[in-house]
Amino acid sequence: MIEFFTENKDMIFIVILMIFVGVEVIGKVPAVLHTPLMSGANAIHGVVVVGAILLMLNTEADNYLALGLGTVAVFLGTLNVVGGFVVTDRMLEMFKKRK
Amino acid sequence: MIEFFTENKDMIFIVILMIFVGVEVIGKVPAVLHTPLMSGANAIHGVVVVGAILLMLNTEADNYLALGLGTVAVFLGTLNVVGGFVVTDRMLEMFKKRK
Amino acid sequence: MKLSVLKETDKGETRVAIVPKSISKLKGLGFEVVIETNAGSNAAFTDEEYIKAGATIATSSSEAIDSADVVVKINPPTPEDIALLSEGQILISQLFHLLRPEITDALKSKGVKGLSLDAMPRISRAQSMDILSSQSNLSGYKAVICGADNLGKIFPMLTTAAGTITPARVLIFGVGVAGLQAIATAKRLGAIVEATDVRPECKEQAESLGAKFLTVEGEGVLVEGGYAKEVSQEYLLKQKEVVNKSLSQADLVITTALVQGAKSPILISQEQIEMMKNGSVIVDMAVAKGGNTALSKADETVIHNGVKIVGISNFPAQIPTNASELLSRNIDTFLSHMVSEDSFKWDMEDEITIGTLVTK
Amino acid sequence: MKLSVLKETDKGETRVAIVPKSISKLKGLGFEVVIETNAGSNAAFTDEEYIKAGATIATSSSEAIDSADVVVKINPPTPEDIALLSEGQILISQLFHLLRPEITDALKSKGVKGLSLDAMPRISRAQSMDILSSQSNLSGYKAVICGADNLGKIFPMLTTAAGTITPARVLIFGVGVAGLQAIATAKRLGAIVEATDVRPECKEQAESLGAKFLTVEGEGVLVEGGYAKEVSQEYLLKQKEVVNKSLSQADLVITTALVQGAKSPILISQEQIEMMKNGSVIVDMAVAKGGNTALSKADETVIHNGVKIVGISNFPAQIPTNASELLSRNIDTFLSHMVSEDSFKWDMEDEITIGTLVTK
Amino acid sequence: MQIDIQHIIYLLASVTFILGLKMLSNAKTAKNGNLLAAGGMVAAIITAIVFHEGAVSAVIYGLIFGAIVLGTVVGWLTAKRVQMTKMPELVSLFNGMGGACAALIGLVEFHHNVGDSMSMTVILAGMVIGSVSFSGSMIAWAKLNGKIKNAIRLPKYNILNTLILISLFAYGAWIVWTGTGSELHLYVLFVAALGYGILFVLPIGGADMPVVISLLNSFTGLAAAFGGFLYGNQVMLTGGILVGSAGTLLTLVMCKAMNRPLFNVIFGAFGAGTESVGESGPQGSVREVGPSDLAVQLNYSKKVIIVPGYGLAVAQAQHVIKELETILEERGVEVTYAIHPVAGRMPGHMNVLLAESNVEYDKLKEMEDINPEFSQTDVVLVVGANDVVNPAAKNDPSSPIYGMPILDVENAKACIVNKRSMNAGYAGIENELFFRDKTQMLFGDAKKVLTELVTELKALD
Amino acid sequence: MQIDIQHIIYLLASVTFILGLKMLSNAKTAKNGNLLAAGGMVAAIITAIVFHEGAVSAVIYGLIFGAIVLGTVVGWLTAKRVQMTKMPELVSLFNGMGGACAALIGLVEFHHNVGDSMSMTVILAGMVIGSVSFSGSMIAWAKLNGKIKNAIRLPKYNILNTLILISLFAYGAWIVWTGTGSELHLYVLFVAALGYGILFVLPIGGADMPVVISLLNSFTGLAAAFGGFLYGNQVMLTGGILVGSAGTLLTLVMCKAMNRPLFNVIFGAFGAGTESVGESGPQGSVREVGPSDLAVQLNYSKKVIIVPGYGLAVAQAQHVIKELETILEERGVEVTYAIHPVAGRMPGHMNVLLAESNVEYDKLKEMEDINPEFSQTDVVLVVGANDVVNPAAKNDPSSPIYGMPILDVENAKACIVNKRSMNAGYAGIENELFFRDKTQMLFGDAKKVLTELVTELKALD
């Protein structure tokens, strides 16, 4: 365990810092922004699509099952990313001063 | 440069994140806390004393100049750390409810 | 249809039933409006203004009543008025049919349809026709002004180089329409206001205007449809206990307590008056119905033991302009409710018609 | 030392110079206090209260004046008072030495030392002895109450089921002590208040109480030590222009403009009164010094063209309790300034002594 | 060299995520923040494809592009077409897609890493969490959608769910421990995780869905982070962790705003409390609004009308309402007051109050004058009034207030009603207005909630 | 193994720094935050010593311990003994010590790293920044201390300073570029940096010292971070960077609070603005206070007396003052109003205003009644009053207000005076009170600053 820690100490520190940043960033958000913020965060975790892409790129061309699942994964991930950002953008429309 | 970057990419990312954390942490501090906060931060950078200690530990026992300067550095660093924390603590006394 | 407005003849009355502003509305309803000359002059409405608004002027009450379809005034008709009225005419005014049945009888025998303004049912949609509300409201204001004028002190607290004047203490009996407006007015002028009423919901209402409410925890009050109907003797005794301290400190006391269809209750006895401060003032707004104190006299100021008891039976007459405006609006709203397509509807299903039509 | 307080004999005067509360202070200064019987009764201070406070009662003014060291009253001494006074006595009252030199002359010839309350220098440390301030302040309040009582309208805006009553518009001329209190009181009651004065600093003061200030951009005003000394004819014309619109909309006008040591300026001419609304009211507080309108008459109500012009020369007498309290405090503070170790100091370096001692 | 640039881009993308989220938490910068993060995302995706080393068959590229293009088109269109009111359920749907993506990655990668216990742990954790997030989100979506109407609760569902959760852990641990590569175990775990997600969300009432979605959102973040760990991919790791931590905090903040303890959120049993308020009444359900949401509505309005009633007087909120007016006017919102002739308990009651707090007389409008203006009004704020805005006066001849003219607040674009409860007013009758579509209830003492509203408004600047 | 534990401890220490700083930015947690960070620091120092690998002579250990013990004793005693008012200068002094420590490290390490341009860069940067911080801090300390009284300005000091700064850069770059190991160059650079520090702070006025100290503070943080880079020591790196970034932001925040653009802060020319306000008047200098500092003072008081004057009326601040009263009373502070008989411009002026905002009559105290109470009062807040609190009425027989009784606000522990400027009141005379030691001026329109004060008070909860 400690060994794992030492190997990945920077990574772990990054994770800890990232948690801090995540928490801090949300810290004082006015309640009105809860939903858009949730939606924006939702789009960001769509970054999982990168994993799906890497998976595809590393899969042999004849592993049809893997390719099939991978393609679906890329599709779903993209949906998450694109849909997420667009819907957030639309939610934020209402914050534009109406004049 | 890019090479330096790649070698230290985690370090650099940590630095970047640390900057974020630093900025976020201060973000909404009420003006009343400016001085104690400054004083607390002042104590924290006293961590430089760790550098002075490492310097001493790595210096040969006969390098008198280095040892002399190093000892002074440790002394000054300790002053920074101890004085900094204590003075901050005293400043914060006034935030105790008087009853 | 011809609608005639009479000049009030009661002593001290200064109001007029219809003001120039209402005339166009009445014309819209199909009325031709005739005003007895100088009917509005005491309320600052000149004949010229009426003419400009589209009315015609009658030089006398007989001229006005003659050939009128509808006759409007505020106070009950005098015997002379009744003599001038003729069969089929409609009279709109206060008729007090329960208290003064002789008037209704006279009208009945003459075949005059009497619509009594004081009999307006106190339901939500009739609020805009309710002259009791509109006039009590103004009275509540005026009672405070009258009290302030009679008092040897000022209302607000003032810290000055020549010492601090303590705020006047005002105590109000009865937190109905008049009582609430009195609270508001006294409070505005800076007094410390206390109030009491038999109805418990008045506490919140009084407090919503910044007054302290003196709650009497007593039995024996019958409240019906928002009105105190009957108050027992025990209750009145309890009330005395509760208010006595406030009474002895009060600079101004305003009483507004009425009980529907009965003499007003005596809330302040002679002994209580005697425990009041030298120089203090009581304004009795219930004096027309007998008064709320043992010593009040209608339209007189009695001074007893250094306490002035001011009894004014017709407060609205002291603010004739506004009072007439509101009355006129009440009446024109009432008429527009009663009339449709240039004639009276006489809808005998309608609560308002049933309530106000006291002689058929 | 014996200090005697006389009962006021002027018509309509209800105040008393010393109230029971001051007596212990006066005794502390070394005075034995004698009060003419019933001196305070109109201001709600009974003889018993005075006795309880430590004073003795004199049955007549002659008894009171006889053997007194100091005689105190509010209004200037009557010829009878003067006849009773004797050499070496000190008289404290208003003496109006500039306007009515005959009084001072009479006192001088009798050898009476006269301390004139109205001659109090208006410096900071004399503020607590300044009866003009203390009485003007109460007058400002009372003038509004009086106006409200005379007006056929109410002050506040009210939205009711019978229509909306628009707020009364009040216009105040002269933003001195009385004018400011009048602004405050009218504003409290809910009126829309406008005010004007020759002194430009009054703008901020009026606004600090919620009034709109009508600035007259004119030359020809001489202001000395905070007092308007002289106002030119051109200025008055300019002022008319500025105020005429407000005047024609006003329901109540209160005038307070005084010019020290001169007749009060006429600010509202007859034509201007004629442009005012039917039913509106003017309360002229300057009427004792000639009045601010062309038609005002002291202690009379003139009705011209539907406009009531109320001239009351002694407003404080209408709030005798508070007015007497403040006066009494002014006087006892004055005395404690003048007296030390049981005798008068006659410090002729002292501005207050110099100013008030008008006959030596 | 390539790899270096790749790292720089990943790093920059991570930074855009942080900045984007940061900017999203401020009304003024939110829109740009979203775009910034989106930009970073695009860069990260392109980088992943372009900088890949080693030969890849064209088919695979084709599949990837196809999936991306399809995903983009479908995602874009769905997001663009959805109605404003349906957005929360769409967020839930998209969140589920992300979770599914993570789950699929786990399913596929499992084989490659059998034996490496660290990797297996990471893969299984990502897969389980992704699956829970997926199935849970789908249930949440169906609920918001109205496809599932009620909170379905198995008997003792709390204990059941906790047991399942523990079993999932244990099972996963066992798979890693034994190092088994068996497909069966993998799929059983997968199905069990899906099942848990469903059971987790099913018992929860509709009112609590936003909290659940936020929680599932942070789950998906966590799943993405595990993916990042697996591939040693920084942008996935940071993006995932960021959403995981921010999402968790957001959930807590939302819980706090709704006064619901975290414990109940995790172990089911939610929704019971608010639902009774939110969906009571014979006439249907009322919509609640909080001071903060109202603050935005007001801040971005052009014209606001305040309708004061007796409750304003009871709460003595006249000074706060004036403060509200001042702030809104400063922000360029036109504010007027509609004074009903019988609002309060005495004629002119409202006038007395509003004069005390120095509201200008010009701002007080009579009923007849203001009624035509409601239709051009963005927000009507009814403060402690009830009977004077009760449509029964117009519609219901049996009502005691029938025939009384009322303020036509319904004509405005939105109508907010502040009162302490659903209790009746003076006339003692129910008010249908509260159940109308355009109406939102702001419950609480007028002085208290308006003070909160003012605070939120100030924070919005 | 050892090295692993060392890393874990360093990591935890870094986290305590972050958490500590975070907690320091909230009044309630600040004290614990400081202790937490101190704990982390102790752990980091012990770790550095204990986990060192390789033999070290006992002498060196002795030196280290000696230095630490001495530093601890001296630091502790100085910090404990200093007066409250002298704390800022002490902070500056300690900051300088930290800078010196960093500079010394650079001086010594230079030799070991000649040739390695990366390390040289890091070392020189740390040394230069540390030196500037050291000498700058010493000047700031001397200024606050009163040892240096005036802002000393060389002619065209702006251009001069900029030139020196550029030269420092260039010189350092040249040393790295050439890879020279010459001691001479090193020491020249060192001295030049010290010189820059001095010239940088000298021209700056006393009022701006807090900003400068904060800036120098972040410099020292940066210097420490370079040290961390050099040794590959995480805790130094993170601690330093944290302080560097937090300090920079803090500096900006402080600049904003003082309305001074960042440009002026870096390129000299500060202090010119406020000094004239801050130190004018024949009677000495006035102390200013901001709404936020005042908020703390009030929040932690037991008894507060408000003295309203004509300015309250002019500003129409009666509603805000009532809000202030309400909040303070909620926090358990006893609030009363002292009404001077001639405050305002008409008798009873204050009564009219305060009645409008519903201040209870009981809370209004007359002069005679309240004067004895001032001595038991923590804070007196004078709002727009002047003559009525002017001690000249008691002390100065030549004053036009001599003999007028006044409110004895001086007897309170602290006296805050709000007005817009140093202008006189009605009587047109100066007020010595404003220059007294216990007095702090809160400049600005009463309504505006009191609103800010209320906002700050709310934030404090």
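For clarity, chains are labelled A, B, C, D, E and F in written order, and residue numbers in each chain start from 1.
Just so it is clear, contacts are C-beta pairs under 8 Å (C-beta built on N, C-alpha and C of every residue); 3 or more make two chains touch, one makes a residue touch a chain.
Quick caveat: nothing in here was measured; it's all calculated off a predicted structure.
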| item | value |
| --- | --- |
| Chain C reached from chain B - shortest hop count over touching chains | 2 |
| Joint neighbours of chain F and chain E, given as chain labels | A, B, C, D |
| Longest centre-to-centre distance from chain B, chain (CA-based) | C |
| Of all other chains, the one whose Cα centre sits farthest from chain D | A |
| Centre-to-centre distance between chain D and chain B (centres being mean Cα positions), rounded to whole Å | 73 |
| Chain centre separation in whole Å, for chain F relative to chain C (CA means) | 68 |
| Whole-Å gap separating chain A and chain B, where each centre is the average of the chain's CA atoms | 34 |
| Junction residues of chain C - those touching two or more other chains | 127-128, 133-134, 137, 156, 158, 160-163, 165, 188, 190 |
| Chain F: positions in contact with at least two other chains | 18, 22, 234, 238, 316, 341-342, 347-348, 352, 355-356, 358 |
| For chain A, residues that touch 2 or more chains besides their own | 11, 13-14, 17-18, 20-21, 24-25, 27-28 |
| Pairs of chains, among all present, that meet the touch criterion | A-B, A-E, A-F, B-E, B-F, C-D, C-E, C-F, D-E, D-F, E-F |
| Contact set on chain B toward chain F in their complex | 4, 11, 14-15, 18-23, 25-57, 59, 61, 65-67, 69-92, 94-99 |
| Residues on chain E engaged by chain D in the complex (per definition of touch) | 339-343, 347-348, 350-352, 355, 358, 361, 364, 366 |
| List of chain F residues in touch with chain D within their complex | 310, 313-314, 316, 341-342, 344-349, 352, 355-356, 387, 393, 400-404, 427 |
| Chain D to chain E touching residues, read off their complex | 156-165, 167, 190, 192, 210 |
| Residues of chain B defined as touching chain A within the complex | 10-11, 13-14, 17-18, 20-21, 24-25, 27-28 |
